[in-house]
Amino acid sequence: MSKIVEGLLYSESHEWVKVDGNVAIIGVSDFAQSEMGDITYVDMPSEGDEVTKGEDFGALESVKASSELYSPVSGTVVACNVDLEDAPELINQDPYVNWIIKVEMNDKGELGDLLNSAAYQKFIEK
Amino acid sequence: MRYYDKLVFELSRDGRSAFSLPEAPAIRLPESVGRKSNLELPSLSEPDVVRHYTNLSQMNFGVDTGFYPLGSCTMKYNPKINEEIPGMFAGIHPLEPDCAVPGIKKIFEGIDRALAELTGMAHFTFEPCAGAHGELTGLMLIRQYHISRGDLARTKIIVPDSAHGTNPASAAVCGLEVVEVKSGPDGLVDVESLKPLLGPQIAGIMMTNPNTLGLFEKNIAQIASLIHGCGGLLYYDGANMNPLLGVVRPGDMGFDVMHLNLHKTFSTPHGGGGPGSGPVGVAPHLVKFLPEFGNEGELRVSGFHGNFGVILKAYAYILMLGKENVPMAGRLATLSANYIKESLKDCYKLPLECICKHEFVFDGLIDDGAHDEVPGATTLDVAKRLLDYGFHAPTIYFPLLFHQALMIEPTETESLETLDAFIEVMRTIAQEAAQDPMLLHTAPHNTPIGRPDETAAARQPVLKWTKSN
Amino acid sequence: MGTFAYFPHTEEDIRKMLKRVGVGELDDLYADVPSEFIRKGDYDLPSAMSEQEVRDFFESLALANPKLRVYAGIGAYDHYTPAVISYITSRSEFLTAYTPYQCEISQGTLRYIFEWQTMICNLTGLDVANASMYDGATASAEAMRMCVAASRRRNTVVASKTLLPNVLHTMRTYAKFAGINLVETYDVMETVCEGTLDLAGVIVPSINRFGIIENHSSLAQAAHDAGALLAVYCDPSALAVVKTPAEWGADIAVGDGQSLGIPLCYGGPYVGFMSCTQALMRKLPGRIVGQSTDADGKRCFVLTLQAREQHIRREKATSNICSNESLMALWCTVYLSLMGTEGLKRVNELSYAAAHSLHDALMETGRFEDPFEGQPFLKEFCLKPLIDAKTFQEALLEQGIFSAVQTKEGYVSFCCTEKARKEDLETIAQVARSI
């Protein structure tokens, strides 16, 4: 049974968003990390890169799998979690503390398309 | 097999050498273009080198060592006469003019004719160096065909979900967008799912027939007519050609472009990953786009004439086979696969009950021995346990349609005794799994090394030797 | 059915197997194939030959090619192959293995690939190398793609027109279909400095197609300033003495391993190599071997960083490449183990001495001009003939020598290796004088 944190927004591609003013903090859900197994590498964009809602901004890699990360919002990357470069296993340890990127959003309205924790719970139970 | 833990660098001793060359005056190059950094290569005597690599070889398993039922890889016997041929041509430079290489021209003509006859294609180009390279070349030819007609909108290629990973990757390298078509419950391309994908943007379809489940795409005539009807072309992935060798020709099924893996169907050795050869054949209307047959495409996909040494070996095999033996090649490969399938389906899950071609897929064990806190034996565990018994493992976790896929391809060059021995071991492993899955989780037990820590290898990659590691 | 050496099945075996499968005859195994596709009647192929007939067939075809001594290069070099190499590479444990998927029984392959990766890094000076590519031309095309992929959104690659023609042609083919804007120019520095925002990479040769060792000082800086990567195409044998890609500041090195003792064999099989900086490690195409430990802590080697590859990432993979040229990488690895640093330097010294002696002898004939006078070369050089180039080459062929290959500029190209014979060098000059 994977953990879901209340108060976050979720995408159907298993990213979570924590809204902090105009900035979206983005990570992956516990469900996503457990599906991947031991994560060996997190491919991240650079600060200043533009990301587009629904398009990939990076990927998680394990020994035998790779999974694209899709941006839940559009905007500009203002921070990347550099700790993940040397310790990708942090995502396995706590996917909700260990965010991946922070994005200055172009359109907060896009958040309306995301799921709340209850809806996400239902989604992954399907 | 014995564990041997040296790397060539660790055997090096200053002052030793294994070359025999006369003294020479020093090179005088301007300082601006000369190497300044130290070059560190090992210093060894010739016996050191020979013993080191001989020791390494003894930690390796090949077709000559034992049964190698690796699905989709066609690990058939590599005849030894093949190996005698390339040496006869070793000293010929690739840019020698045609007048200096009449024998080589005859070889290319001869193997071109033979492959054309065996596949129903018109001509082949031999430039591609491997199967995936052939796929890419074939897709380039398809695009070139559409471009030459001014049909520039055809930028999408249909690829079944059961395809080898190289198919979508080759399509992407060729600038094509992949459109996936689903398999039906019978494991075949679902014709009804295909129909809505067709249109003026479709460059063609890539198909493997039989597909990666070892099943013949029996609706191929209808698929060919649908694809041609929408203006697309059909690409045949020759990776699974072996069961059709001497039985069915891709050209007769409506394919326009195909590649062959000479290192699979035509018996050339795999060499630990290469060199292979992936000649690409085309139907008559596409011949003018081939690199050697005119300049319309102006394509070049490798440095010279392809892997000529490999082409020689494949030609030798075709000449040994001849028209008398070729009809049995595919049939015996198919017989062997079905024999194993029928002999093991009471221990391993067979998702699709039907006649297969050269290979088939089990979806793990029927009884994996899971109980209480002990998880059941997986396909990986079965594969590793097989190594203990002196067999190479089948292809595992592919195709992706099944979670515990175990893909077995025996080829036509294995005897009934070998197949029976493999079947017996697979049955023993199934029993072991049911009784003591831990024995499988910790396998292999009798190999030079045990299971490696692949996670650590990928997290902190060590990709070369240095004095400190 | 007669017996065939590679099919072990007796008629009794076949009957037994058919019975287990539950069908009456072999063709019943193809009942799912529409009958119009089943071949009836013989294939139009030659009759099966005996092994001796096969050997005779190829021997007679080999004899049909006049045996020439090679004094030409242009991407394929006639260096000496020590006897040890084919002895090792023909060991069937190496020869008949597949890609080392089951590492527990593939440590031989994995270890020599790890050694190969190390040697390629030592030669190029860069940090990491892959397990090999098809050849130098495709490795260059992959380097071009890698520059574009690493840049994420840029799409222009500048390539020097002094690269080998077949390398450029292959890159052009790949670029066309991948939609990459490949700019071919003689003025690389100028083109880079013009500053297109779209520039992803720059590819230049270490030694160019005229044999000249190019000077690339400050090119890396210019490329990096423009936001692009620098790739250098090089001859690995020559890297024992010429400036390395790393010393030029390059991010990627590619080339063909053929000069490391692989026979000419009419163009293949050869082996491409590719190495790059640590920063680009995860953008490398192809197989990569890494070191690890097994469950008991023993050192072992595995295929690693596989999440880049086609079997996992499908259309998003760094490349479609699936095989490597493993056996040819072994070939080069054994070669370099035999030669060592001193041996490889010696090969270059002998080649240099022979080439310069031929160059001077040809200039003395008065039949040539040197379009590259004063520029440094190693074993290969081009001259502008004042005699008819075709007549010259044909006259050499009559003497059993393949040399003086024409370039599109009308120059003729020569190459000498440590195999060069003094008499042949004299003959080449003599033939020039006689025209």
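So that you can tell them apart, the chains are marked A, B and C in the order they are listed, and the count of residues begins at 1 in each.
In the analysis below, contacts are C-beta pairs under 8 Å (C-beta built on N, C-alpha and C of every residue); 3 or more make two chains touch, one makes a residue touch a chain.
Note that the structure is a prediction, hence the values are computed from the model and not measured.
Colleague: If I rank B-C and A-C by number of C-beta contact pairs, which comes first?
Modeller: Of B-C and A-C, it is B-C that has more C-beta pairs in contact.
Colleague: Compared with chain B, which chain's mean CA position is the farthest off?
Modeller: If we average the C-alpha coordinates per chain, A ends up farthest from chain B.
Colleague: Using only alpha carbons, which chain's centroid is the nearest to the whole structure's centroid?
Modeller: When every chain is reduced to its C-alpha mean, the one closest to the whole-protein mean is B.
Colleague: Per the centroid of Cα atoms for each chain, what is the distance between chain A and chain B, given in Å?
Modeller: Taking the average C-alpha coordinate of chain A and of chain B, the gap between them is 37 Å.
Colleague: What is the distance in Å between the mean C-alpha positions of chain B and chain C?
Modeller: 20
Colleague: How many angstrom lie between the centres of chain A and chain C, each centre taken as the mean Cα position?
Modeller: Centre-to-centre distance between chain A and chain C: 42 Å.
Colleague: Give me the residues of chain B that touch two or more other chains.
Modeller: Correct list: 454, 458.
Colleague: Among the residues of chain A, which ones contact at least 2 other chains?
Modeller: Chain A, residues with two or more chain partners: 40-41, 61-64.
Colleague: Tell me, which residues of chain C touch at least two other chains?
Modeller: Residues 305-307, 312-313, 316 of chain C each touch two or more of the other chains.
Colleague: Which residues of chain C touch chain A in their complex?
Modeller: Per the stated touch rule, the residues are 152, 282, 305-308, 312-313, 316.
Colleague: For the complex, give me every residue of chain A touching chain C.
Modeller: 40-41, 43, 45, 49, 59, 61-66, 68
Colleague: State the interface residues of chain A toward chain B in the complex, per the touch definition above.
Modeller: It comes out as residues 38, 40-41, 61-64, 88-89.
Colleague: Which of the residues in chain B end up touching chain A in this complex?
Modeller: On the chain B side, the touching residues are 397, 454-455, 458-459.
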